[in-house]
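Okay, so chain A shows up in both of these, paired with chain B first and chain C after.
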Partner chain A sequence: MSSLLRSLRTPRGFSAPAFLAYLAVIGLVALVPQFSRKPLILHMWIMVFLAIAQGSAWNIVGGYAGQYSVGHAAYFGIGAYTTMLLLELHQIAPWYGIGLSMLNAVLLSVVIGSITFRLRGPYFVLASISMAEIIRLAALHFKDLTRGAEGILLNGIPPLETPWFTVKFLGKVPFFYTSLGLAVIVISVTWFVQHSKLGYTFQAIREDQDAAHSLGINPTLHKNLALMLSAAFTAAAGSLFALYVRFIDPNIAFGIDVSVQMVLICIIGGIGTILGPVVGSVVLVLLSESLRNPKWLVQAGLLADSSPTVAFIEARLSNAHVLFYGVLVVVVVLFAPEGFLGLLRTAVARVKKRLAAKPTPPSQPAAAA
Partner chain B sequence: MSAFLEIKNVSKRFGGLAANSDVSFDVGLGEIVGLIGPNGAGKTTLFNCITGFYAPTSGDVLFKGVRINGLQPDAVCRLGMVRTWQKVRPLAKMTVLDNVMVGALVRTHSLRVARQVAQEQLRVVRLDHKSHFLAGSLPIGERKKLEVGRVLATKPELLLLDEVMGGLNQAESEEIILLILELKKLGLTQVVIEHDMKAIMRLSDRLVVLNSGEKLAEGSPTQVATNKDVITAYLGEAVDA
Partner chain C sequence: MAIFLQSLLSGILVGGVYALIGIGLTIIFGVMRVINFAHGDLLMLGMYVTWGLFALFNIDPYLSLLITAPVLFLWGVLLQKVFINRVLNALPQNQILLTIGMGLVMSNAIMLAFTSDYRILTTSYTSSAFQVFGLSVSQPLLYSFLITVAITGALFWFLQNTDTGQAIRATAQDRDAAQLMGINVKRMSVLAFGLGTAMAGIAGALLAPTYYIFPQVGGPFTLKAFVVVVLGGMGSIVGATLGGILIGVTESLSAVYVASGLKELVVYVLFLLILLFRPAGLLGKSRT
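Up next is the complex of A and B:
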């Protein structure tokens, strides 16, 4: 386990054991629906996968390039709306729609990037928030295009016909696999970013933009590149989310809590790392879904059907997830600034140190002198 | 035949403050030019104007015969001129090796090549034993060396060093002096800002003195050391201080 963590952490090298472990985990997770098709359990997995896709997408521009956008709802929403509108109004199947929604988000990111990247630090954060808010208000206002606050309800998704098989988008299982696929794609893209010149460039800009600039890096260009990549995958997640819940309105798709959640996933898990958003997504989704919908705990067999805990959560805590987010962030920022992943690393390092220290006799002089 | 670097009547104003006024001098290929002057004389500002961080209010900068004011710093770096920072700017959460690789990646897309170049440069500045330390964990002396190693990795033709000896002890300074002289032997042109008079006299082929943004004197180290205006400027500062 510790060697796995270390090899994943060794910043830039392909590690065969880590890669095999990655494939094995994907394989195991992909088997889940073969064992349990309880809808609430599958729902949890789907929410985790979508959160991983969103968090990892944000991580490219936020974690690697260090540009803390709190306006990613803009790309999530544009993805959701593009796919839904194409499907509902023009009967364009979502597998084309998702591609177009990603393209749309990239175009939007170029516009937003060229405005907001003139600013740095907190000013950039505020500008990114306001961009997403402008788009949310526009979506509420231009009813002819978006149907405004009424939202868009999806009637049905056409089956996907391939020469080999046909997928009907009924129930949770197809969404389990599509969202898992998206999560795997975004994690892999992050890996390639970290292990390429692009990753070095992004990190250099994050650490010190002026130093990067003096060393031959064009910060404006690369911040925009990071944002474009990030926006494309955020839009893909938005599209899948919309198809899955079958209803969107401007507050669901463009709301600030969408933006905030993406940032929180990374802060809680470990910002600027490949596994951080994965860990953060698990923590955050478990927490928020347990509060919003504690019945899944019953289906998972963790609580009895008549458990008073379920009744208590439903009665008292169903809207408390935002409060818990807040508390969690404060705790993480104070006690684990590198997220849960950072905690895990420190713990592993400590255990290893202790194991390594044991064989040497205690009479050894300290190396400090 | 024009000089390697030509600074022509460069002025830079910040509101009412003239940080550089009408500064002109040339740097020849392979030369070390020392840039000295009291605190606030405008030395760092001049570096910023030369490397594209500031647009000069007026005047021109020509590098290898090409007018470069108006170019961005990254373009200037790719042309072969790069500066270090007086207030060091390590990429703190990246390793020492990664820091130098960032410099090397200007000239290649291959991480493997960049890693090799970076390892070589780390040996040159004698920091290879710290390759895998986080840059943010280095003490000041090693941070200064990292600054130098990182710019060397960009394969520059002209190096602008802004007080790379500031805050270093005797032994560390000596190391840097020897390094600068070694680089000169390899044909690298350098402009060096330094407060340590002994060091700058030893290093420089020519000295340019700035005072209150203006060029006060220019010449060989001995010429400058005996220049009346220069002595007054420095004594004046000493009395003030």
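Up next is the complex of A and C:
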């Protein structure tokens, strides 16, 4: 009995208020489609959820294990292609397809990891990029398997039938909930990574690989474990993205921009933290979608339909979102290397310090007297 | 046999320009240990300057080198002073991200200014060729190669025989020791980034007559520059020259004997093999 109780003991780092707040936020977000079903608003949310899933998945290997892979498009793309090909060519429903795509990505990550993890620092970065490029070029070339640059267009997703309910994948609401679910799962996995023994080994490798090695941690094994976890969820995000957008080609799925975006999400939010990718995703998606399609601001009621801002953005800035990404990255690296979350933390610390310092001066004269 | 010799020759000619790109990257890396992920975008800027001079003033692309190179040199100096200088002691990851960000800003600013249309710079000799021993030698590629050889030679002489050149090499060898010897290390870093940028710009100018010019053209060249530099050995100029020519030849031979769509794939596979089995490159000292 006592051993059972011990095993039910709350895990390390668990705090009830934080957990309740997490559940409350998820609950509130899940209610969004009840209030607004405007397609552009839901689209924004879906893009944010998918970005959170990708960013958090990258964060496991990039933020916690400290291995800056700039080749995660390989896993994103393999996920997208596995699910799409299985569905289009073999009529295998996507809920099985996503599982298989995650498995596929894990297998790929073992191959890529065992090659690239023999290198460190900038050499690792270069190797990871070229791995993703090799796969992109192969996907473009081997048309029999992937249809090459023509891409894969999805005709439809079969309805999911369970004994209790049937889900038809029409409109945006089903994607809202599936992508929210994925984001919640990946955030939870990150939480476990941060607080588990496995996660501690990742962080030890990030801080000093040689020291970690000397303490009996096998760096190659643990880096590979981090990459496998990361690859699996990146592939799930890639699958959902492909199903949602209904079209993929080698550049959309395997392009280097995909890899870079995952890194940017974490850098801008705050690398190696649970909330960093969430903050980064909100910032990046709001920025890029507002510039690409400012009509959502109208649907959100923030701007009038005839607003000159919308017309200006559509006419002049619709291609500028990557420019803003670039500026944001430069500014963050130079002035806030710990991301928005780091800025927030220092600001809070400063306020706390000021609050703590304030009451003391009036009491001092009294003490002196 | 004729096909083999023909593709070998064009590989060597193209490889010369790759060597130039690699040399720029390797100087920057050697002196500052910063890996410049914006290198291809600097090359793209060189292309656009050349194209602009040609389109506006009808200046021959090879003649416009006299303007392109100094302009890009100054641009590099500016970038170093404003951005790179601040991250010299930062984590390598942050340096990489900073240069990626700078590259995004440059390519997308050009895209906003000139749209993403493909531009072509057509001169009277763009598609003409010399016939030598039954092999045809593309005129613009040959001119580019000769200019590359001249510039590489001049740069090599500069680094070997002038005081400034020696100071740059000393900084690359050991930054702290160089500083103790009274070398202005900061100035050498600025010079190195300027030189590297100018090299990328020259390569862009030389590619302009034979290549499509568009804002995203830089990305593949950044990667290719890394391949060249790693192949030759990070920081080694002779190595980068050799690496460039080797990559050019590999590309053109695999385009003929494997598949034209797979030539870059072959190059990346070669790159990974080198990284794994001879990480110091052909002529580099062991990396630390």
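A few remarks follow.
We adopt the following convention: the second predicted complex is superposed on the first by the 349 of 369 C-alpha atoms of A that agree within 3 Å, B and C clash if a C-alpha of one lies under 4 Å from a C-alpha of the other, contacts with A are read in each partner's own complex, and residues count from 1 in each chain.
Note that in this section a residue touches a chain if its C-beta (ideal position, glycine included) is under 8 Å from a C-beta of that chain, and two chains touch if they have at least 3 such contacts.
Worth saying up front: this structure is predicted, and the values here are computed from it rather than measured.
Contacts of A:Glu133 after superposition on the shared chain: chain C is touched, whereas chain B is not.
In the superposed model, A:Glu150 makes contact with neither chain B nor chain C. Contacts of A:Thr201 after superposition on the shared chain: chain B is touched, whereas chain C is not. Comparing chain B with chain C, the partner in contact with more residues of chain A is C. Of the two partner chains, chain C is the only one that A:Gly326 touches; chain B does not reach it.
Legend: residue contacts after superposition of the two complexes on their common chain; A:Ile267 is shown touching chain C, with no touch to chain B. Looking at the shared chain after the overlay, A:Glu161 reaches neither chain B nor chain C.
Residue overlap on chain A between the chain B contacts of one complex and the chain C contacts of the other is empty. Only residues 35, 83, 86-87, 90-94, 96-98, 100-106, 108-109, 111-112, 116, 219, 223, 226-227, 230, 259, 261-262, 264-265, 268-269, 271-272, 275-276, 279, 287 of chain C touch chain A when the two sit together in their complex. Interface residues of chain A facing chain C in the complex, by the touch rule stated above, are 68, 70, 115, 118-119, 121-123, 125-127, 129-131, 133-134, 137-138, 140-141, 256, 260, 263, 267, 319-320, 322-323, 325-330, 333-334, 337. Across the complex, chain B is touched by residues 11-12, 195-197, 200-201, 203-204, 207-208, 210-219, 272 of chain A. Only residues 51, 53, 72-74, 77-78, 82-83, 85, 89-95, 98, 101-103, 105-106, 109, 111, 114, 150-151, 154 of chain B touch chain A when the two sit together in their complex.
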